[in-house]
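Think of it as A, B and C in the order they're written, each chain with its own count starting at 1.
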Amino acid sequence: MQTILNVNDLSVNFDTSQGLIKAVDNISFSIKKGECLGIAGESGSGKTQTFFSITGILSDNGTATGIADFNDVDLLKLTEKELSKIRGKKIGFIFQDPMTSLTPHMNIGNQLIEVSMIHKKNTKNDALKKAKEVLDIVKLPRIENLLKKYPHELSGGMRQRVMIGISLMCDPLFIIADEPTTALDVTTQKEILKIFNDLKKYKDITIALISHDIGVISEVSDTILIMNEGRIIEKGNCKEVLTSPKHDYTKHLLSCVPEWMK
Amino acid sequence: MNIKHYSKDDLDNILSVKGNSLYSDAFKRLLKNKASLTSLIILSLITLLSVFGPYFLQYDFYETDWNSIYLPPSIESGHYFGTDGNGRDLFVRILYGGRLSLSIGIIATLVSVIIGVTYGTIAGYFGGKLDTIMMRIVEILYAMPYLIFVIILMVVFGRNIYLLFLAIGAVEWLTMARIVRGQTISIKEKEFIEASKSLGQSSFLIIIKHIIPNLAGTIIVYITLMVPSVIILESFLSFLGLGVQEPLTSWGVLISEGSREMETAWWLLIFPGLFMVLTLASLNFIGDGLRDALDPKEY
Amino acid sequence: MSHYLLEVKDLNCRFEIERNLFSKNKYLHVLKNINFNLKKGSTLGIVGESGCGKSTLCRTILSLNNKETGNIKWFSKDIDQFSNKEFKNFRQKVQIIFQDPYGSLNPRMTIGNIISEPLEIYKKENDKKSKTLKVLDVMEKVGLSDLLFNRFPHELSGGQCQRVGIARSIINEPDVLICDEPVSSLDLSVQSQILDLLKSLKNKLNITMVFVSHDLAVIKSISDEVMVLKQGEIVEKSSAEQVFNNPKDEYTKKLISSVPRINNIG
């Protein structure tokens, strides 16, 4: 299997009023096509900043150094304009809180086709067709009025499916999901994780799943990265790392997971 | 419960570690804002000049000199800003005027803050019918033409400086009450208010200990925006001839007189106007800076 | 005198969502026919997904919310019939810990002042020194460093703020502690620390607890009795062992099976 993302010596620093803060400290990892990499760690471990920095959505006071080879292109060397062509098209995003990541004043239909029309320059009709296709993939019911509904009229689980749908509109190669189920109920979470597994199996999409919940990661991921304070503590095959952890921090994280869930 | 014993030194050590309150953080941020810092300096200078300046100048504000009427500004004559139609030194009159304008600005604003905060927190915190009635009263008062009200007061009771304070304060508290009520309503929904209720705290003390300290940021910003508007209001009244009486003066009076003599004695308008503009602009910049400084970590 | 500290009968709670002049007002029924009792010394876990009404239930039994109909009896007395003095006493004896560690603390007050507020309300320890000593004592009990006494909430981590909330609620030695999702906003390793703290306080200070969470694992680790809520109604109520090992209700079974297990791959 070919490697789709190769990160080498990535460091991310933030210039704050309290001095320079190292959010990510010299990390290296790679993801193969069609694989799901789970990134586990507590808040402040740098897991989100790793992927924000590669795709150019760092805040102004952040700088990233290193190499991020995506499909033979070093993302860190691209300009903002070139990056914006890749975001949404080749790389899709799913964020934690669908209520705030979806635009409250636009209906679902418009938000879905907006992405497609910007990147693929589709006509409205083609985009609508694709939107309906995508809604099927995420298993949202085929209601005529669904496309006209606004985010606040949908439940949390439905909104998250819409978010996943939006990320699929341009047939991305790679999806970055940042705590996609944290704001959801456990029963809804189960359904969303199934969608991720389906995407991997049937659409051959590569996924980076960031979560502080090891249970969530273990349901979907093939490989896993354990991060703490900006560094990778342990990485490898998900099942192996979780059943026989080598590093003390990994053992400590696993010890906090209740026995019952193992 | 057996309570651990601390020596006096231990206690002193513990209590000496002071945290950074949100206000001290905000103040530091304010000082970093160049416009605010400059404005603070200018405002302080003007205030200091107004308060202490007259003691160092050779002329008194009511001292007339019929030999020196309408003198243009000059350094040799000692009249740095010139004189008016009565031979009075303009510089010292501007400083005296500053005392009055600034004190009206501050006192009237303070009065309106005290009334407005009390009224607004009660209406906002208790809500329901009380809130509805209180706010209807505010709206009715808002609808009244305040200018006519002030004119009537002045005509009936004469041009009294304390009446001026009262009249201005009576108008400005309405805005403060509305703002405070709105903020109170949003603060009272916060969890730490609920926590305080669950502890059994009385409503009165919740308002004093929890709501007002969290309002302070907004109130401070509005004060810096209200003071200019009070000064302008006073100037307007003085312009109409309803302000302070001779020989007392304010910037409004000076500008009013100066505008009449503008063509022959430009300095009578320009210098008071300059002081007024500098003060108002400084207050506005400080207000802006405070709003930015108090924003980041708030709520 | 029953050995139940709390007896709830036929509790209904609704919120007005639409006020109409010419037609009926619209209501949202948040709690429907809730019946349960709280035994002295036990821990009752209340579990359910978002919108099931568990937070509303917490606030209603504390009289922070208005109920529509039903009976709430604390210490065998009907809450509606409390005199002012009895009500104040009730507030002292039944305390609550909130979910948001930062939101439940007044950002403008120092930690020392936040924790000492209950002492001032009930006029215990009138001089400054004994107040300070009592606060420092309870800070030690919850694992907070002395040096945080004069600091402000925004200078503390989420876990530390939650400890402040706990300190504040135990300083007057309450009989009952109601925990509304106290660890949901915290990191995994901090969660287990706070849970351990709560368990040890429960034993040391002999506190009866009501623990609300959407997290089944947390509920399982701390509760003696468990109540499962779905859309405002109790669907299952039994001992923790019964509910988790032998759930009777379909919804309970669905909840338990939805929790991701570590060894499930793909």
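As a working rule, contacts are C-beta pairs under 8 Å (C-beta built on N, C-alpha and C of every residue); 3 or more make two chains touch, one makes a residue touch a chain.
What you see is a predicted model, and the numbers here were worked out from it, not measured in a lab.
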Chain B reached from chain A - shortest hop count over touching chains: 2
Chain occupying the middle, per Cα centroid: C
Euclidean distance of C-alpha centroids - chain A vs chain B, Å: 52
CA centroid of chain A to CA centroid of chain C, Å: 34
Whole-Å separation of chain centres (CA-atom averages), chain B against chain C: 45
Multi-chain contact residues (two or more partners), chain C: none
Residue ranges of chain A in contact with chain C within the complex: 42-43, 156, 185-187, 189-190, 193, 197, 212-216, 218-220, 238-239, 242-243, 252-258, 260-262
Chain B contact footprint on chain C (complex, rising order): 59, 62, 64, 88, 91-92, 95-96, 98, 100, 103-111, 117-118, 121-122, 129, 132-134, 136-137, 140, 146-147, 149-152, 154-155, 165, 168, 173
In the complex, chain C residues that touch chain A: 49-50, 187-189, 191-192, 214-218, 220-221, 244, 254-255, 258-266
Of all residues in chain B, those that touch chain C in their complex: 1, 3-4, 6, 11, 14-15, 17-23, 190-192, 194-202, 205, 209-210, 213-214, 216, 297-299
